[in-house]
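Below, chain A partners chain B and then partners chain C, in two separate complexes.
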Partner chain A sequence: MRLIFLRGALLALVVAIWELIARPLDPVLYVAPSTLPQAALRLLNQPDIPPLLEHLGATVRAILAAYALAVTAGLALGFLMGFWRVVARAYEPILAALYAVPSVVWYPSMMLLFGLGTASKVAFGFLLGFFPIVLAVLAGIKQADPHLLTVATSMGASRWAIYWKVLIPGMAGTLAGGLRSGLALSVVGVLAGELLGSRAGIGYMINHVYNLLRTPEYVALAVLMATLVLAVDSAAGRLEARVKRWTG
Partner chain B sequence: MDRVGVARLQVASLATLALAWEAASRLRLVDPLFVPPPTAVVASMGTVIQQALPRLGDTLLKTAVGYAIAVGLGVGLGVLIGSVQTLRQVTMPYVVALYSLPKILVIPWIVLILGVRAPAAILGGVLFAFFPVLVLVVGGVRDVEPVLVTIAASMGASRWQLYQKVVIPAALPAILAGMRIGLVFALVGVLLTEMFAGIRGMGFLMQQLALSFNAAQLFAATALVSVFSIVAVLSLDALNQHLGKWR
Partner chain C sequence: MTAEHIVVRDVRKTYQTATGPVSAVEGVSLTVHAQEFLTILGPSGCGKSTVLAMIGGLVPPDGGTIVVNGTAARRPDPKSVAMVFQDPGLFPWRTALHNVWFGPELQGTARSAREEAARRLLESVGLKGFESKYPRELSGGMRQRVAIARALALGSPILLMDEPFGALDEQTRILMGEWLGGIRLQARKTILFVTHSIQEAIALSDRIVVMTARPGRVKDVVSVSLPYPRDLNTPDAVALRARLWSQIREESLRAMAQEQA
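Right, the complex of A and B next:
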């Protein structure tokens, strides 16, 4: 109880301090929290601002497409490689090394190959989301108890049965973690792509109001996006925790 | 299969990939304007290096500054938050939330405040690298064996000695893990800010190459940054292992 109170007090304190600092300063540079509700309203009802719901929809669709591709390709390639231990041993270091590359370096190439439209955002979101998923599959297969595998094989279990009955339950926790990071990164990829140049989506809207120096509207959009991302991520976190409890 | 076999498979796969790419591009299965063959990419490396090395230097300098600030702040605050229980319980939900937010949403504001100049890119790097370092260090300090601390305190260790001799060495693996991941994030932050705002550096150069459809040079530049960052991370790994042995 005391803890919740302290947490609330900290948040209130930070917002209050920010309000006090921002009030006397230039409103174009420093946005006071008290101006945000009005800015949010302006986002909805001013004709010179692109329609919010339409662009939010475009962003969500791009994220869903990128994530669906990342999950499909990540799981498929991960399990394919996992089937052959040698292939996994050979390719995992390559994938891990690529994962150590700062992800944004791929974006200009996506832009070149897929243009400024939605396709390059989906491609970038896919690329970012793909790595944690495929690496989680490989890590999960590696951590499977070799003892259980031997027992199952010696009792005549088929390869398929070993996958479904031994490997997947054993790796579900790791896999859930990878799927969650993949989702977070797909979101980042799409948002980053939109902010670096686009014609639709929340990132496009942010750029639009930002270039008009309508900073309160930009901050309102950023807060909206941050809230949505946090909501999705905490839901994914709860799901991950549940899977981990399940499989122990 | 042994080590040599695995290495052979790696080389063979990469060679096959390069050959297939070369063939696809030469036989015009893909448009060579957008997907130039690997040989063309290698050939343009010379031109790119002349142009890109100074820009890469700009970017790396900014990354080094941002990284140093992020690691300093992250380790300092991480040790503080990790060792004071109430502070940790009150602040950690916020830290974790900020950690998982897409930091790119803040970059336009940073550019607005600091202008289209190097400090904006440095702050972008700090912003991206700080939270992963902080979260890992807090975790490492929190999980230091309490027995160690109790024994040292009962033997009369001062607070300073306690941190210097017990807490920091015990949390060192977590601190090093934070420094490893922080490096890549600092590079991401700097490159992203350069791309967004058009600040002189590798990020902006790559963006320009893409917009002028200079695919061969763009791929060469991408390879340059990638190789550099992989080498940096692998040498940090080697350092970690070395320190691990020493511990």
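Right, the complex of A and C next:
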């Protein structure tokens, strides 16, 4: 409770200082917080600006698609590599190296391959979300407590049972962490994809109003996006903490 | 049923290490009779845990034969053998109750049956009321009792125990030993117990097999005919302790010399 109060106080302070600084200055360059509600209303129904909800829907759909792909491919590849140790030893360093490359460099090739439509931003969101998930699976398998495996083996557990009843519950915390990072990065990927080149979505809208120098609308969109991302990530964080408590 | 539950003949094991092969066990033979409590006593690193792991089918021997409950031990056979280790190895994401029924769950026992059995076992190890506690909420002694209940849940006639109380403090260790003595009579198990504690060996065993320093061989086999509950301060117990100590001292000195070499 005290934490929430302290955070709220900081937020209020930042907004107040922002307002004080921005008020006397050029409203196009320095958007005052008090102008944001009106800007947000203008985003909802103005003929010259794309309707907000439609684009929000497009962005959320793209994020869900990208994340679903990242989870499926990340888990599948991670467990395949876990089953075949040789494959893991051969390819894991490559995966880790690719993960270290700033992912924006792949974006132009995504556009070349998939065009300016939904596919390229989904592909980019997938690409970003995929790595932390597959690497979390590999880390989880590697960190498995060998003693628990011995105990399960001594009780006659098959390889399959060891996977389902020992390895996977044992790595649930690590896996949840990877899935959370993957979600955050999928969101970043989709938004970045929309900003860099697309014809729909919140990122596209940000680009649009920014190019028209409608800075209050731009800032309102940015704040909206930040709020959304924070909400999603804190929900994911709470889930992760629960899983971690469970697995001890 | 044969009177010999475990027959180990001339078993050898060599481990490959970075500095070359190390002979851990060299020609160990021993027999454990049905419902006997036999303790393997030896200095640290004498290969006594390796002997136990080979009997449990976790580690293949390089030579010799091991017959457990009438069949050759090649892989873990939970129908014959249950194992308890120094580290209880409870699954941290499972409650005490769910840990105990892990074995029956693997065997496909119906939930109601395994729950009833697990509750009964937890009660028999003095943990009634702790069914829904997670391992991190239990003390070291309680955790080891859950691990023993989990091993008993397999229903196997043989229990292999590898320094099960080695990580506990002195008082808990003594109490757990007394408790195990009671459990053993109740459950009619054959127990093969590994320890480096002379006190523990005297307090619990029908027979004690003394092992040499690495490579492990059998140095001596001692029958303990003291009455239960055992008083370790009677002249007989003190004499036995002195005899075992002189043997273990010799081997421990050799083991220390090996480590320095």
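Quick note on the criterion: the second predicted complex is superposed on the first by the 236 of 248 C-alpha atoms of A that agree within 3 Å, B and C clash if a C-alpha of one lies under 4 Å from a C-alpha of the other, contacts with A are read in each partner's own complex, and residues count from 1 in each chain.
Keep in mind that, in the parts below, a residue touches a chain if its C-beta (ideal position, glycine included) is under 8 Å from a C-beta of that chain, and two chains touch if they have at least 3 such contacts.
What you see is a predicted model; the values in this text were computed from it and never measured.
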{"item": "First, second, both or neither for A:M81, with chain B first and chain C second", "value": "neither"}
{"item": "Which superposed partner A:L183 touches (first chain B, second chain C, both, neither)", "value": "neither"}
{"item": "Which superposed partner A:A70 touches (first chain B, second chain C, both, neither)", "value": "neither"}
{"item": "Partner chain(s) touched by A:G156 [first = chain B, second = chain C, both, neither]", "value": "second"}
{"item": "First, second, both or neither for A:I141, with chain B first and chain C second", "value": "neither"}
{"item": "Partner chain(s) touched by A:A32 [first = chain B, second = chain C, both, neither]", "value": "neither"}
{"item": "Touching partner for A:I133 - first (chain B), second (chain C), both, neither", "value": "neither"}
{"item": "Residues of chain A touched, compared between chain B and chain C (which is higher)", "value": "B"}
{"item": "First, second, both or neither for A:R89, with chain B first and chain C second", "value": "first"}
{"item": "Touched partner set for A:S103, first chain B, second chain C, both or neither", "value": "first"}
{"item": "Shared contact residues on chain A - chain B and chain C", "value": "none"}
{"item": "Residues on chain A engaged by chain B in the complex (per definition of touch)", "value": "3, 6-7, 10-11, 28-29, 86-87, 89-91, 93-94, 97-98, 100-109, 111-113, 184, 187-188, 191-192, 195-196, 206-207, 210, 215, 218-219, 222, 225-226, 229-230, 233"}
{"item": "Footprint of chain A on chain C - complex, ascending", "value": "56-58, 76-78, 81-83, 85, 87, 89, 91-94, 102-103, 105-107, 134-136, 150, 154"}
{"item": "List of chain A residues in touch with chain C within their complex", "value": "145, 147-148, 150-158, 161, 165-166, 169-170, 172, 246-248"}
{"item": "Of chain B, residues touching chain A in the complex", "value": "1, 5-6, 9-10, 13-14, 34-35, 86, 89-91, 93-94, 97, 100-102, 104-109, 112-113, 184-185, 187-188, 191-192, 195-196, 203, 206-207, 209-211, 213, 215, 218-219, 222, 225-226, 229-230, 233-234"}
